[in-house]
Amino acid sequence: MPYVNFKITREGATAEQKAALIKGVTQLLVDVLGKNPQTTVVVIDEVDTDNWGIGGESVTVRRRDGR
Amino acid sequence: MPYVNFKITREGATAEQKAALIKGVTQLLVDVLGKNPQTTVVVIDEVDTDNWGIGGESVTVRRRDGR
Amino acid sequence: MPYVNFKITREGATAEQKAALIKGVTQLLVDVLGKNPQTTVVVIDEVDTDNWGIGGESVTVRRRDGR
Amino acid sequence: MPYVNFKITREGATAEQKAALIKGVTQLLVDVLGKNPQTTVVVIDEVDTDNWGIGGESVTVRRRDGR
Amino acid sequence: MPYVNFKITREGATAEQKAALIKGVTQLLVDVLGKNPQTTVVVIDEVDTDNWGIGGESVTVRRRDGR
Amino acid sequence: MPYVNFKITREGATAEQKAALIKGVTQLLVDVLGKNPQTTVVVIDEVDTDNWGIGGESVTVRRRDGR
């Protein structure tokens, strides 16, 4: 019954990688808390680099400047 | 003043269906809690089936395999 | 499989009222989009009035000033 | 270390405007709470007007009707 | 730089179990996507069983009725 | 109409500080995007340090170890 939301920058994660996140975090909740995987919901949000900030600037700018 | 966030898979919900969710949940908050509809905010996120997991696998895989 | 998150101010909603929100929005998703209620997850967050702002001020201040 | 999530309607915010939100809210957290900007994360979600409701109707309808 | 939000029912998860979720999902993002663990943020929300619904009813009711 | 969600660790932010966050981010949205402050909603979530992770460990552990 848990709900997990990942937010990552949109930089080409493949369907296989996203499936690995879903599988891995669902298993983590089984192992750590004994949660039922059948009702564990995972949502992955991919966010444009213009829309993600850290250190007060966008990831677009950081990537451009090599930070 | 309440805020409601729906997350659904992106599988062709129409503008009319989304309007029905907005209208319905706003009225529900009026009926149950007496909330002011004028300041009730509703946001619907549609999520690609690759990015939604349940039972440890993506909805894309579940649909393909008829689960 | 949908996920719904309500955020409301913490002002004494009862267990019965919260159950009515859960039941109502789950049924809304059945009626509008044909979603399976068995995997529809609803989470209600109750937020202190100091921690909720609208119009640039907290709900605590608005309540005190009769707005 | 704070995390800030903006949700705004998708109506043409520019990269510069989004950068200004990121910079401004990061500085606000420095000024008010002394938070470290280097680990302050900001995510901006832009939401289609069909998917945003207020007053029980979508923003698409409100814009069309001049509300 | 990823952000992960877990929502689980408030049913006695220990600090050790929560630390295991934080460690496990951070490592998962390293393994699958090569993300930098130093800027990976994880937030765990524990939700009262009255405030969590599945199948149209609260977890409180489901637990009471043995579902 | 925008919605802003802050997540910060629960470490004694005062009502005045939270009011300053609400006022400041609402004004930021006026200045940058011309948003209407009357319908701008801000929600501040304060999260226990056991429930917040960065660098793969909880803030509780980081504080204890002087990181």
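Per-chain numbering from 1; labels A, B, C, D, E and F assigned in written order.
One rule holds for everything that comes next: a contact is a pair of C-beta atoms (placed from the backbone, for glycine too) under 8 Å apart; a residue touches a chain by one contact, two chains touch by 3 or more.
Only a predicted model underlies this, so the values are computations on that prediction, with no experimental measurement involved.
Chains touching both chain A and chain B: C, D.
Counting steps between touching chains, the shortest path from chain D to chain E takes 1. When the partners of chain E are compared with those of chain F, the chains appearing in both lists are C, D. Counting every residue number used by either copy at the chain A-chain D contact, under half are found in both chains. Greatest centre-to-centre distance from chain A is found for C, with centres as Cα means. One of D-F, D-E or E-F repeats the interface of A-B: more than half of the contact pairs, counted by residue number, are shared by E-F. Note on chain B versus chain D: their Cα superposition corresponds to a rotation of 120 degrees, in steps of 5. Taking each chain's centre as the mean of its C-alpha atoms, chain C lies 20 Å from chain E.
Centroids built from CA atoms put chain F at 25 Å from chain B. Rounded to whole angstrom, the centroid-to-centroid distance between chain B and chain C, based on C-alpha atoms, equals 14 Å. Of all residues in chain C, those touching 2 or more other chains are 1, 3, 7, 21, 39, 41, 43, 45, 52, 54, listed in ascending order. Across the whole structure, chains are in contact as follows: A-B, A-C, A-D, A-E, B-C, B-D, B-F, C-E, C-F, D-E, D-F, E-F.
The residues of chain C lying in touch with chain B in their complex are 1-9, 13, 17, 20-21, 24-25, 28-29, 31-33, 35, 39, 52, 54, 59. Taken in their complex, chain D has these residues touching chain B: 7, 45, 47, 50-58, 60-61. In the complex of the two chains, the chain E residues touching chain D come out as 1, 3, 39, 41, 43. Chain contact summary for the complex, chain C toward chain E: residues 15, 18-19, 21-23, 26-27, 37-46.
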